[in-house]
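Chains: A, B, C, D, E and F, in written order; residue numbering restarts at 1 for each.
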Amino acid sequence: MKKIEAIIRPEKIQDVKAALDSLGCVGMTITEVKGRGKQGGVTQQWRGRQYHIDLLPKIKIELVVKTKYVDKVVNTIIESAKTGQTGDGKIFVSPVEKVYRVRTGEIDEEAI
Amino acid sequence: MKKIEAIIRPEKIQDVKAALDSLGCVGMTITEVKGRGKQGGVTQQWRGRQYHIDLLPKIKIELVVKTKYVDKVVNTIIESAKTGQTGDGKIFVSPVEKVYRVRTGEIDEEAI
Amino acid sequence: MKKIEAIIRPEKIQDVKAALDSLGCVGMTITEVKGRGKQGGVTQQWRGRQYHIDLLPKIKIELVVKTKYVDKVVNTIIESAKTGQTGDGKIFVSPVEKVYRVRTGEIDEEAI
Amino acid sequence: MSMEINLLDTMWVLIASFLVFIMHLGFTTIEAGLTRSKNTISIITKNVFTIAMGSIIFMVIGFTLAFSGEGKLIGDLSYFMINGLDSSPWPGLMIPAMAFFLFQAMFAATSATIVSGAVAERIKFSAYILVSVVLVGLIYPIIAHWIWGGGWLSSLGFHDFAGSTVVHSVGGWTALATVIILGPRFGKFDSNGKPQAIAGHNIGLAAIGCLLLWFGWFGFNPGSELALTENVPLIAITTNIAAAGGGIAALTITKFKGGKPDIGMFLNGILAGLVAITAPCAVVSPQWALVIGLIAGIIVVYAVEFIEAKLKIDDPVGAISVHGVCGFFGTISVGLFSSANGLITTGSASQLFVQLIGSVATFGLVFVSALIVAKVIDMTIGLRVPAEVEIKGLDITEFGGDSYPDFIKM
Amino acid sequence: MSMEINLLDTMWVLIASFLVFIMHLGFTTIEAGLTRSKNTISIITKNVFTIAMGSIIFMVIGFTLAFSGEGKLIGDLSYFMINGLDSSPWPGLMIPAMAFFLFQAMFAATSATIVSGAVAERIKFSAYILVSVVLVGLIYPIIAHWIWGGGWLSSLGFHDFAGSTVVHSVGGWTALATVIILGPRFGKFDSNGKPQAIAGHNIGLAAIGCLLLWFGWFGFNPGSELALTENVPLIAITTNIAAAGGGIAALTITKFKGGKPDIGMFLNGILAGLVAITAPCAVVSPQWALVIGLIAGIIVVYAVEFIEAKLKIDDPVGAISVHGVCGFFGTISVGLFSSANGLITTGSASQLFVQLIGSVATFGLVFVSALIVAKVIDMTIGLRVPAEVEIKGLDITEFGGDSYPDFIKM
Amino acid sequence: MSMEINLLDTMWVLIASFLVFIMHLGFTTIEAGLTRSKNTISIITKNVFTIAMGSIIFMVIGFTLAFSGEGKLIGDLSYFMINGLDSSPWPGLMIPAMAFFLFQAMFAATSATIVSGAVAERIKFSAYILVSVVLVGLIYPIIAHWIWGGGWLSSLGFHDFAGSTVVHSVGGWTALATVIILGPRFGKFDSNGKPQAIAGHNIGLAAIGCLLLWFGWFGFNPGSELALTENVPLIAITTNIAAAGGGIAALTITKFKGGKPDIGMFLNGILAGLVAITAPCAVVSPQWALVIGLIAGIIVVYAVEFIEAKLKIDDPVGAISVHGVCGFFGTISVGLFSSANGLITTGSASQLFVQLIGSVATFGLVFVSALIVAKVIDMTIGLRVPAEVEIKGLDITEFGGDSYPDFIKM
């Protein structure tokens, strides 16, 4: 099993959710995060004075999936989250050794 | 060392903390997250119109523990977080290669 | 590639960001979290009655970096985030198998 | 001259003006509360702008167009820049002309601030400025002239004591015309045209707004007597009981329709009752006022539903239903329930007929002229922000700020 | 008839009524601020409901039970639905009956809204509706009749100028009885019975509430003169200085008791001073008013502590201490500090004795009847929401909403 | 005696006092909104403390120093503890001495609450208490005596109708002196001395504050007539139009200077207009009032910029610019635009000269004495919290609380 962590634009969350739905991939956990990278940040103002915020709001989606589905899921996320402009985000895939379902105690592939 | 990530119901956080305490397992980091899965979401209303929220508030607990404690900790979490209804959450275990304590620079098992 | 997760004091985020900047390490994702550990928590009061909060606000920085940079980045974070008092935080390093850039579909080291 | 001034009346009208002023804070907070946090600076700036700009424009041009001259359709420029107004009594009243102006200025700006809620979360700030300037400087003064300034409707005997039509319907119909051109917010209707709920961000703010409006209405209606007479307590009572009735009716209906009592509709119901009683407040009994309030509270729930689901019009705070529709109902209710000449209370239909004429004529003028204004703006500087701006929120894009910088938001 | 109306007095009573109205916004915001965000829609709906429903019920039945007839214990139905009230002067006053009614209606609803804070975060909305309807429609009118409507306590010379007992103690004791049946919130006491702090969610809202209440009290107390006399400035001063004294005393005590100045208790102390001065405001000097305020501010801190830690009663906003206990103290303080017949100021104990009788009799009637009402509700439709509902919060469960949908909460 | 009391005037002054009271809620909310959430309890406690403490101190000592005796520089102790004040008319007025006192007490506390915003987010609570006690008990009374209490400036013909100098400049210059000693907030200037923006936390609260201040100003200025005369409507109009002008000017300037309309400056601009019109409100025409407002709105934008970028002084809410600088401008504007003797309106420079003398003398006395007070406090108990306390926020450290415990913050 693998964990897919996708950092995406907040405004894309509905599209990504819908795309994953149509893949039958419902389970996920999301977190509000802030990120920086190539994208330049934004300038805000406060009582006439400008200031720069380099950490921009992003959403992190975490999905644990069976290894064989990783490519499909990653591609789906890329397609539905892409705008082509800097700041679209990153996807990280990492190993997961065990999965448990709290409700039933089921483990690993049954628990996903 | 392993990282245990447990997604649980927000209302269970006190119970889980207490259970981990009695295990002597104090260190942890928690994050407010939202999740979806088998659990159906909730219907809210706004000025008389109903709408559906499929991402429900959850809490993610992250603990890095020595490998030998993993089973004990996981079981303790399962016991204290279970209600038996869909939405109880998931636990993921994944490898951690190195751990540092910022304050002292200690590493690995000393740092946990 | 490795993922570095650093849990630090919120008041240190500017210093850590600046230190990482000067290393040329710009990309990162941060999350507001709460943690407990050796640090004792705080006592607050509400209408004259005191209560204890054991989960204190922390910031989690996540960076995915090439394996060869791990030590440098970890040391930089330790230096810039340290105050010497309990509660300074932890750093965890774990494996990442694949990285994608959503915007371009680039993978792995090109995508970081 | 000073012989004719009644200082007690003067004080009453001043205090009523201050109470109407605080309604602007009511509108600001209720509209901010019922919209999303990414547009809070935008809506607040618009509402505060409205009272500031409105005070100036109404002084420069609005007052004279509304309240001068002999014209049947519009005033003249004899009080341009309120030149000539002083502390001598305003004709027909025992208060200084200055006091009369102040009260009227506070009124004028409320009609514009009504629009602000309906167009929220997507109108360009520059476009809103134009709409509201035309409204306070021209459209509102014309209707005020017709009904209160000696124009043709006042000659006809049209009765709109405190402005169900002059203020509320004018605001509501301008809002309707503008949002038709403006279109719904991104995501308000799904691909099948089914309306979606877009929750506001702060119920506490909304409640502050609603109760401040109720509070301010004690200046709006009782103050419109423009003197402190023995009839004023009745006006305060009818105002209060209609608000109560509107709220209770709307709360009850949502409970039985949707399964749960709905705070948003409850607050809207209170305003609906207040808007409806505004025309008849001085000529109905407290008991009929309660009935008017209850009916308005029912109307507003179904009007919101209808406008959204059937007309596919997006009105984030329900301004069209509350001010337009219930303003219309309130105007008509004079003809139904007036102790002097209501159809139900006295059997005579003549007043009802006049009320209908006035309401329809107002609708016609306001709706058509607002439609033209909105269309012209749309074709020139543009009425609406681009989609990305709307999605990111107007605060960060048009105003460069964040209304709650310390908080983590969704 | 119109000869006897004093329009100046009429205006004063109207304005005072409006100021009392705004106290409802004060209660709404302070109670919302001092409770958790998962119950904000619930508390707001209850408080806004209270003024809406209260206006109606008091018009239908409450007013006539309080202020009609010759009965020593309760009025009759001669003013049912306020039939017969008009603009002729209310007996003994120079203001229209309608103005008198409006002022009294605003008062009645405040006693119910006091209860709302104490029962917050766990009462069923339907149960709250019943409690408050009985309070405004029956219990409050009885006490008002006893003390202000020509009943037995007024014959005895009981002095409660603006309602330390009639309004505040009645609200406070009803709250006490109801929460005894209702029980504490989940988690308020740990397994050893030690009280736990449950922090509210918005200090800004709470401060808005406290200062709006202080503001509204300038209508509550000075308005209770029911005329604009030369004594009114004194009443405004005693009111203001007691509020100040109550706040400063409570702030100081918490600083020396708990180590840090406490904003929640500071706000409660201000209200304690206001509640206490409500009975004696017209008969004490500013200097004694300051003393009364200071004492009330001390009392409230210890009363909150005692009720929570010793009686194991959970009162989220301190309503029982502020309104019940300090209402009692204020009533007694007439007998202690009145310039005319206070024990300390004049050495005579007779007034004190009457004040004690009245306070105790009120406590008896209100506490017992509220206990019965709460018990009956509990045994029929149920007084309290199920535990899961309480844990999830009343907003999402009973009202289907979230008060701050854009924000991430704990 | 009662022959000489005018009850209408009395009522007016009472109502004006209540309106001035609500300005304290305005200050509380605008200052809380414009600062960070980690200091919200701190700022709210300070502001609410100010009105509570101010009411007491002004009763004990402030009033007598300001308004008693024949001294040219300061009053005597004949009204210590307001002994001797009763319902007989205050000399020269037709209102009871008690009413005059109440109005003045509300005024005095506002000058202290101005300081609270400038010193926000870093002053020790105990130090703030001392500064504000000295201000309300000594500094303010001296200036009030000079200008309104029969002192040397009133003999000179200095005209400050409602307190541009007495209240606002006194508050502003005290703030200036205190923040000079106090120093800027951590992070306000970078290592090159470049000012950084430190955003406040709640624009909704700030807007509530601004509009409540505007509302309260209808008591502040028109109430300062201390009678209900035919001139009062004019005063209300000039007040309103200057507020509008100040806001519109500031909003427009920020748009053309910084690229985006700025809500914070917009609100500051409104207050700037109000502060400026406070001295001349009774002696200028509405047209000149608009000009005064517009100029004040421009001044405030540049003053904030100058104080921050050039003087390197940190004033989180702009209190020095709004109250100090625009108070000065308003005082001068009497000499420029007064219908009776303004330089621009009549060509005579003598009044302008007197206005300059008074403004400069006030600045001298207030600035120097506040500097001494702040320095003495700094050298004894300490003026400022330690750096760690400031970084963590004053709420958790000095007040043991969190203003929004349910929310996740940055």
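Throughout what follows, a residue touches a chain if its C-beta (ideal position, glycine included) is under 8 Å from a C-beta of that chain, and two chains touch if they have at least 3 such contacts.
Chain-to-protein mapping (UniProt): A, B, C = Putative nitrogen regulatory PII-like protein; D, E, F = Ammonium transporter.
Predicted, not measured: the structure shown is a model, and the values here were computed from it.
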Self-check item: Chain labels contacting subunit D (Ammonium transporter) and also subunit E (Ammonium transporter)
Solution: B, F
Self-check item: Contact-richer chain pair (by C-beta pairs counted) among C-F and A-F
Solution: A-F
Self-check item: Averaged-CA centre spacing for the pair subunit C and subunit B, given as whole angstrom
Solution: 18
Quiz item: So, what's the distance in Å between the C-alpha centres of subunit E (Ammonium transporter) and subunit A?
Solution: 52
Exercise. Hunt down the residues of subunit C that sit against at least two other chains at once, touch-wise.
Key: 31-32, 44-46, 50, 94-95
Quiz item: What are the residues of subunit F (Ammonium transporter) that contact at least two other chains?
Solution: 8, 11, 15, 199-200, 202, 208, 258, 260, 262, 264, 400-402, 404-405, 407-410
Self-check item: Pairwise touch network: line, ring, star, complete, or other
Solution: other
Practice problem: Would you mind giving me the full set of chain pairs in touch? | Solution: A-B, A-C, A-D, A-F, B-C, B-D, B-E, C-E, C-F, D-E, D-F, E-F
Practice problem: Enumerate the contact residues on subunit E (Ammonium transporter) facing subunit D (Ammonium transporter) in the complex. | Solution: 2, 5, 7-8, 10-11, 14-15, 17-18, 21-22, 24-25, 28-29, 32, 40-41, 44-45, 48-49, 51-56, 59, 81-82, 87, 95-96, 98-99, 101-102, 105, 125, 202, 205, 208, 398-408
Practice problem: Please give the residue numbers of subunit E (Ammonium transporter) that touch subunit F (Ammonium transporter) in the complex, ascending. | Solution: 8, 11-12, 15, 19, 36-38, 199-204, 207-208, 210-212, 214-215, 218, 222, 228-234, 236-237, 240-241, 243-245, 247-248, 251, 258-264, 266-267, 270, 286-287, 290, 404, 407-410
Self-check item: Interfacial residue positions of subunit B with respect to subunit E (Ammonium transporter) in the complex
Solution: 11, 32, 42-46, 50, 57
Exercise. Using the touch definition up top, name the residues of subunit C that touch subunit A in the complex.
Key: 3, 17, 26-31, 64, 94-103, 105, 111-112
Quiz item: What does subunit B use to touch subunit A in their complex?
Solution: 2, 6-8, 31-38, 54-55, 58, 60, 70, 74, 77-78, 81-95
